[in-house]
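Each of the two complexes below includes chain A, the first together with chain B, the second together with chain C.
And now, the complex of A and B:
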């Protein structure tokens, strides 16, 4: 295959990875930004989103698009509810202590994973995409659905940005992030905000999973990769920075696509990890993060 | 002096014949005490304990579940027919998480804690390779159902056997002539980037060369990969046959992306069913496989010419004509591999009977008895077909099936002979000390 089509394919693949990664990482970043906790179970919310998408599409008969639409709405809601409950029952009890929440979310990770294994099973199960369009380019064919993922993700990111910057809820979240105690003094119910943010973070991961599941299948161990990549993205972009997360996701996703196609996938991972190390050394707050107070 | 003399002089000391008899009686009583009773019974009716190293969790969990079902079905039949050497068989399951490190721990646990007679049932090659040294150190016979070439390569140890399923080298050697004659001679190989994939890489290339074909490209894929489109441009345009073998949850994605990449203008596909074990061949996205060919150890779909033994085996394990569970049509089995558990258990039974196996002290005898086996006849104990066993490399050889995907089913179009899969042995375990 000639250079240009090769590069085009690499870029398209990279953009799809970036799109999903940006949503997942944004969830992680939001939770860290507002609550100052590291959610190790984030990847499992991603997995839950995919598994629930399978369950919902299987339950809904008729055109695959119907089931998919139902999954896109219901799956994040259910995952959000589960996240909210675990925030109330677990994280609040350990008083958001940084070390304790890491251990607690590791525990959550295993609990969710093993429950999925018990009730869903060890198989990888496919979900039919809402539409099956194959776009034939002069050199190769490409999935129309994959292109739609990029568009959907861009819309969702825009929506999240609007919520955070233009609505009252966003204002409250930002106030809590900026200074928890002052926010509380001004009558902001910080506890409830935390619950909502944790749920929202999990919902973003679940949406990303529903988008990806028609091309990647639901599997109970699928949460690990997005978790690691999200951490990489969030560290590079700066914890709590929406803009940084999106740019880092693009950087990691597209470079991963291009490097792994022209060189090797292992090299792409090596470089991504190296970038993380460099960022940690030279700009610990991330490319777009602000130094913690 | 006098004191010591008196001490040894039985006649003059207080130790009379009556006391001596009492001592004897007490000793006999001890022998008859509960501990000893249990021991003597262990040789007659206590169960033979088989430690089943199962992939209950981790990447091999879908296989593990069906390996367990098949094992339970075989053990039930063996026990209903009187067990082994008149003793019932008990399966003790430990989950290895499909992880080599845990695998070795599990073998240790079987040997020292559960005190099982043998260890059995491992599938994933990296777990076998990780566990084999422990089995060798603890001198506990380790019967794997793994299909990797590691056992036959002679690189493991005398305690490891693979008597119920053929190895990858034999499989690829036996299908190569058919591939070259029916699909094409220019082959691109796509395989997982670890031991199991390397067996394919190392042995298929020479096998196809011997048939006048060639491997034009080899594309290893990391086992954790979840997206494959980026590898597809590496497939040379003059490829006639795409040889694919993948394991793990990413397989469906792989096939789907292949379909999107090629459309209708595709090369011939030849795959190993390992890619699609436990996956419904009619899943969305797999339409692309229609008309392609697969290797199968044992056919997933019931075939018109199935033997009575095969029918009985399928019924006992509980799979329907589509190779899915009889209780849940969506629960597709790992039929191409799991027969190996069934057949391995019957090999163990035969070897234990041949050696008059009584307990762990006879483990070395059991190893020798297994090595002495040469042939397994087609029948209820070996429903997949007849096999020959090479005791020097601890590996069994058998027939392979090549199936075509037609009308949403896999139909066997070719069955290789045992000789097709033979190769020059590279090792000899029998020279190792026991």
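And now, the complex of A and C:
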């Protein structure tokens, strides 16, 4: 293949990564923005979404699209419920103290990982894509399913943005984010908002995982990479900024795709992680964010 | 302030702990003898962590890189360049110093949550680097240091670090050195400034202390202690692998220190020992050790924030350092 088709392929792969990454990072960013806590177990909610998708698709017989549709609905709901319960049982009791929350979510990470290992096992298992269409480009054929991931992610991002900016629920969330105490004084049930936001963040990660699992197998250790990448995206994009998150996901996903195609993937990760650590050190508000109080 | 009698009591307690550890060398059965040697080295790692987390209040999620810097700083020259044990140990400490200084200079520009994430990212870069140079480090598979390389020739005699008794006593010596170093630091002026930074950094700065310089010193000393533990681990147990640089080894010292009691000199030993045996015993009937670690972290943070020694100190033994 010549250089240009190679680059196009790398860009397309990068866009698929970006699409999934944007959803996952948006979940992390929402939780950080509204609750001011860092959820280290976020990657495990992603993993749980993928593992549940495998379990649901194997339980449903018939056309793969049927099982996939069931997984796309049920898996995020189950993950959201688990997140909600852990928020109510653990995070609420440590009163969202930043350090205690990090330690508690690390504990959660280990528990979820171990349960997945015990009940799902150490194997990586594939999930059949809902449809197999190849779109023939002049130079190579490309999976139609992968393109549909990009579209689905764009729709979900748009929907989240509409909910946040145009609905009463979004208003309540933004009010809680802006000033927790004043929101409470105005009768907003802050505790319930926190529980819901934590569940919503986990659900976004789970949806991203269900979308990606037909091309990337489900495995109990798959949560670490999305966690680190989401951190990277959220930091570059500026914490709690939806637009920044999307732009940063595009930047990271596409450059990761291109660098991994032409250089070693490990080197790509080293460079990306180092660059982001430096951004955090020298420009803590992110590249697109503005300095906060 | 502590009086004369109290200082004597504190030193007597620490000397007694070391004496007990030396005495255990002669009575412990073989299996537990080996376990304790390993626990002592890991406890030194935890003590290095505790200096930063307990006394300065800086929660790092990247201390595996300091341990691994010592591990590789000692293991790589010994394996590839044929260095002796003593220069290799010095190499490990040197590597720890360089890494800690660089990370400290950069990461201390941030605070709070950003500090945790930055340290975690630097540690991840370190871990990936050990994988990337797999030609020399052999990545996860790791290097096994040969027995004949792990000997010190002293005049006519040789000190064989693979011998269980020598290994145990070397571990005790390292532990004693780290313990008294920690004790000296926390009782010094510098140590008191560190606690003041933990309690209220703004006010400490207003009183005229250079908080950045004090924190940087603490990061470097903490890094050196952890690197010493890593170098000793490589030399005593003869294995150098990337696993020790992974995020798991950044979280374990946090768990050990929280369990034993943050900001207590002996807490790290108690936490490490307790946790090692909890995992050892539970692994007898379940392989789900991560479940134990996770549940312990959550339970500690919910109901036992001060740890074992921290609680003892609060209730009965106010003089514990």
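By our rule, the second predicted complex is superposed on the first by the 286 of 293 C-alpha atoms of A that agree within 3 Å, B and C clash if a C-alpha of one lies under 4 Å from a C-alpha of the other, contacts with A are read in each partner's own complex, and residues count from 1 in each chain.
The rule is short, and it goes like this: a contact is a pair of C-beta atoms (placed from the backbone, for glycine too) under 8 Å apart; a residue touches a chain by one contact, two chains touch by 3 or more.
Bear in mind that the values here come from a model prediction, so they are computed numbers and not experimental data.
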item	value
Chain B versus chain C as contact partner of A:219, first or second or both or neither	first
Which of chain B and chain C A:266 touches, first, second, both or neither	both
Which superposed partner A:108 touches (first chain B, second chain C, both, neither)	second
Partner chain(s) touched by A:277 [first = chain B, second = chain C, both, neither]	second
Partner chain in contact with A:93 - chain B first, chain C second, else both or neither	second
Partner chain(s) touched by A:167 [first = chain B, second = chain C, both, neither]	neither
Partner chain(s) touched by A:117 [first = chain B, second = chain C, both, neither]	both
Which of chain B and chain C A:182 touches, first, second, both or neither	neither
Chain B and chain C footprints on chain A, overlapping residues	114, 117, 266
Chain C-touching residues of chain A, taken from the complex the two chains share	38, 90, 93-94, 98-100, 102-104, 106-115, 117-118, 224, 228, 231, 235, 264, 266-267, 269-270, 273-274, 276-278, 280-282, 284
Chain B residues touching chain A - in the complex, by the definition given at the top	57-59, 61-62, 64-65, 222, 224-227, 229-233, 237, 248-253, 256-257, 260-263, 278-279, 283-285
Parts of chain A lying in touch with chain B, wherever the complex brings them together	1, 6, 9-10, 13, 16-17, 64, 114, 117, 121-124, 126-129, 134, 136, 140-143, 215-217, 219, 221-222, 225, 257, 260-261, 265-266
Partner chain A, residues of chain C touching it in the complex	59, 61, 106-107, 109-110, 112-114, 116-118, 121-122, 124-125, 128-129, 131-132, 247, 251, 254, 258, 288-291, 293-298, 300-302, 305
